[in-house]
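Below you will find the structure I want to go over with you.
Which chain is which? They are A, B, C and D, in the order written, and residues in each are numbered from 1.
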Amino acid sequence: MAIRVTVWNEYRHEKREERIAKIYPEGIHNAIAGYLKEEPDFEVRTATLDQPEHGLTDEVLENTDVLIWWGHMAHREVKDEIVEKIYYRVLKGMGLIALHSAHLSKIFVKLMGTSCTLKWREAGENERLWVVEPSHPIAEGIGEYIDIEQEEMYGERFDIPTPDELVFIGWFKGGEVFRSGCCYKRGYGKVFYFQPGHESYPVYHNPQIIKVIKNAVRWAKPVKMISEITCPNVKPLEKI
Amino acid sequence: MAIRVTVWNEYRHEKREERIAKIYPEGIHNAIAGYLKEEPDFEVRTATLDQPEHGLTDEVLENTDVLIWWGHMAHREVKDEIVEKIYYRVLKGMGLIALHSAHLSKIFVKLMGTSCTLKWREAGENERLWVVEPSHPIAEGIGEYIDIEQEEMYGERFDIPTPDELVFIGWFKGGEVFRSGCCYKRGYGKVFYFQPGHESYPVYHNPQIIKVIKNAVRWAKPVKMISEITCPNVKPLEKI
Amino acid sequence: MAIRVTVWNEYRHEKREERIAKIYPEGIHNAIAGYLKEEPDFEVRTATLDQPEHGLTDEVLENTDVLIWWGHMAHREVKDEIVEKIYYRVLKGMGLIALHSAHLSKIFVKLMGTSCTLKWREAGENERLWVVEPSHPIAEGIGEYIDIEQEEMYGERFDIPTPDELVFIGWFKGGEVFRSGCCYKRGYGKVFYFQPGHESYPVYHNPQIIKVIKNAVRWAKPVKMISEITCPNVKPLEKI
Amino acid sequence: MAIRVTVWNEYRHEKREERIAKIYPEGIHNAIAGYLKEEPDFEVRTATLDQPEHGLTDEVLENTDVLIWWGHMAHREVKDEIVEKIYYRVLKGMGLIALHSAHLSKIFVKLMGTSCTLKWREAGENERLWVVEPSHPIAEGIGEYIDIEQEEMYGERFDIPTPDELVFIGWFKGGEVFRSGCCYKRGYGKVFYFQPGHESYPVYHNPQIIKVIKNAVRWAKPVKMISEITCPNVKPLEKI
């Protein structure tokens, strides 16, 4: 059965800055979606901030198995009622892949319960992404590390809950490290935070980065719920 | 140095229902506070929902090392701006001990990022609280299990993030189990959820339960922050 | 590609005790193997203690993706050199499913690094296995719990390392709880401990139990190694 | 009550190589022990490989709360029966702090259940040790990172079980990262692996490194056992 993926993008940088439009002429969402469409079992659509309901109508959300999220300068413009809907969809099983600056998106922060703050520097420096859990499905087909020629630095301490599984640790030439690939379970849903992807560099054209995102989509696909999100008053199963 | 503890209670059941007032004549908060005051290194105060600002003024919060929370029927009456303040105090290091029905309190749910729903039954049945991490400081001085003659049943699946540390598992006579003692780190703060404590039974007069709460206070006391909750733009530490 | 499963059994109880032979006329290994063969993508074979090299020649081990282990009274008869070979196969990616009394098998204890002791009682009592991680692949297709009419009691404290993932918690009528489904990563290999399966009861004829074992086989299948089990002296990747 | 610490050292490099003797004239053990003795509540002794029973007689082990271990070239000379004794002492509550090349010591490998292999390079390069869990007692009093001017590089993938708590991540100038401060529970005992400390550099004269070791001693001190390392056959606590 197909995995239905929705790639969401704030889609502002690409429209405002020529240097970024050169890297992603159709926007980051269409770049990622294009690569995901190479997989015959993925059904891919996109949605962006400036569409009605941010492109995330009930119909779209109900038919999304995995939501990929890229946002940066306009986190605050995302409406709380849409965030609330996404939140409950995750608790009911929808996968969420939060990319790069989505660390401060409303939905990611709400699911984490922490500030998700970090150190940063935009200096186009080299990053090396080390695999620390090579048997994790998200690392499948990746070698010992991924070399990223130019990336924004994101450094510790990253204020997140301890990841359920830590798959990647990033090394930055300027002297920092970062927990760059972090897995969480929230309700029935699986959440993967993946640090690479500053808009100024062609990171989402890197085949290894795309491979990780594809792996994460498969890992995060929903399971069937066995109970509702309620607090049922239940009868005893044994004599008391 | 003293550990400054604030015991917060909704304090409604005790005022409305005689059978509960008999168990906790001064309220659950004063019962717990009374036991905590036995410790010479604890400085204990209380606060309740119906006080101005729910008794949690900036001055009180700034001078609280560990906040104990009991709430049940009136979670929704707790003002969002107070919840927000508590949240940032936790991220900055204040410990939080969420007792029993506080699983649905606004502050606990916000820190968890999940629905925190569970199964329940009020049948006065026997619970046995098994220690599964006997080397954890919160289990210090407790034997293999704590026997609670009568308790409300709380059953799995409890919709929480996987605990950083699972200290207790509850067994209920009616056939359910529960992750009854769960530790989390959130920002600089430590959070402990502890399931026992339904208002209808004298659970907080049980010396073993009080021992666990005292241990949790010591475990949850703040550490010194080494960085602010911000996203600083930093210079490289190495030549890039 | 097929998943190559080897079901290993001590195979002593079934040959010595008629009441057990009635439940498993061909041995526990053949009962489990029979059910696994229902899956078209599983290639299943069996091996037992009294075969040469316990049926685990280099050729068998090299062609095993997932090894299922049932042992009880004769743990000590398993030769250390065979255990050593299994150990390195796990570190190189072979999955291991340790069933029931395999908690004290040499291979499981060696992979855990703890005593793996527990409480026990053979009283034919009821067990209820609660799912606490419903989105885990090992719980797929299982409801809220599995009811086992008669099982040997295994109780906490179970002296294991904190599981990477805790999927099931067992409830026993006599008053105990148990971490009954525990996932670990060791090297490139995945290890699942699953508590049900005392030889005196027909537990491995329970379709839900078999479903869990099948799920565990799929979860534990090997990934490709990206590095050897050595300590290489490496050149710097950057100028130092 | 005093914490009784035994600092164990292989003590070969210092006797054979003048350049190392210059850094640690009395051996690494006496350097560390000297600093630990600054704490009034620590009772400190040392033991070395070439003493009878490696200095770890039953009497010494029974009176050790926390054992610090430094070994490198002579891991294989440590007698298995002594390793076995240390192992059971850890399971019964003795803390173990494994320093640097102790990653391949028999006792650490036995407690981990993995190969504990890693990448390495001796190039005297700079390491920066980042704190990722600032609220952990082992990080108390440490700033955002520890700068180590010269250190042997230890790089991922480090073949260890996922740490219960990951406190430090190391950054190396040559391009690697490392999980440099890892906490584990094993039985009643606590185990801390701490990567810094190559014999060729004066790492154990760094006050921050010593502070971490002192913190780890306090964190790892034993708790009282509530059960034996046995598999007791128990009576039901409830009617079955």
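What we mean here is this: a residue touches a chain if its C-beta (ideal position, glycine included) is under 8 Å from a C-beta of that chain, and two chains touch if they have at least 3 such contacts.
Owing to the predicted nature of the structure, the values given are computational and were not obtained by experimental measurement.
Any chain touching chain B that also touches chain D appears here: A, C.
Relative to the C-alpha centre of chain D, the farthest chain centre belongs to A. Centre-to-centre separation between chain C and chain D, using Cα means, comes to 32 Å.
Chain A and chain D have Cα centroids lying 37 Å from one another.
Residues of chain A in contact with two or more other chains: 126, 128, 131, 133-134, 144, 155, 157, 162, 164-165, 173, 175-176, 185, 187, 226-227, 237-238. Partner chain B is touched in their complex by these residues of chain D: 93, 126, 128, 131, 133-135, 137, 139-144, 164-165, 173, 185, 187-190, 223-227, 237-238.
If you check the complex, the residues on chain B that touch chain C are 128, 130-134, 144, 155-158, 162, 165-166, 169-172, 175-177, 179.
Residues 91, 104, 110-115, 117-121, 123, 125-126, 153, 155, 157, 159, 161-162, 164, 173-176, 184-187, 226-227, 229-238, 240 of chain C are the ones touching chain D in the complex.
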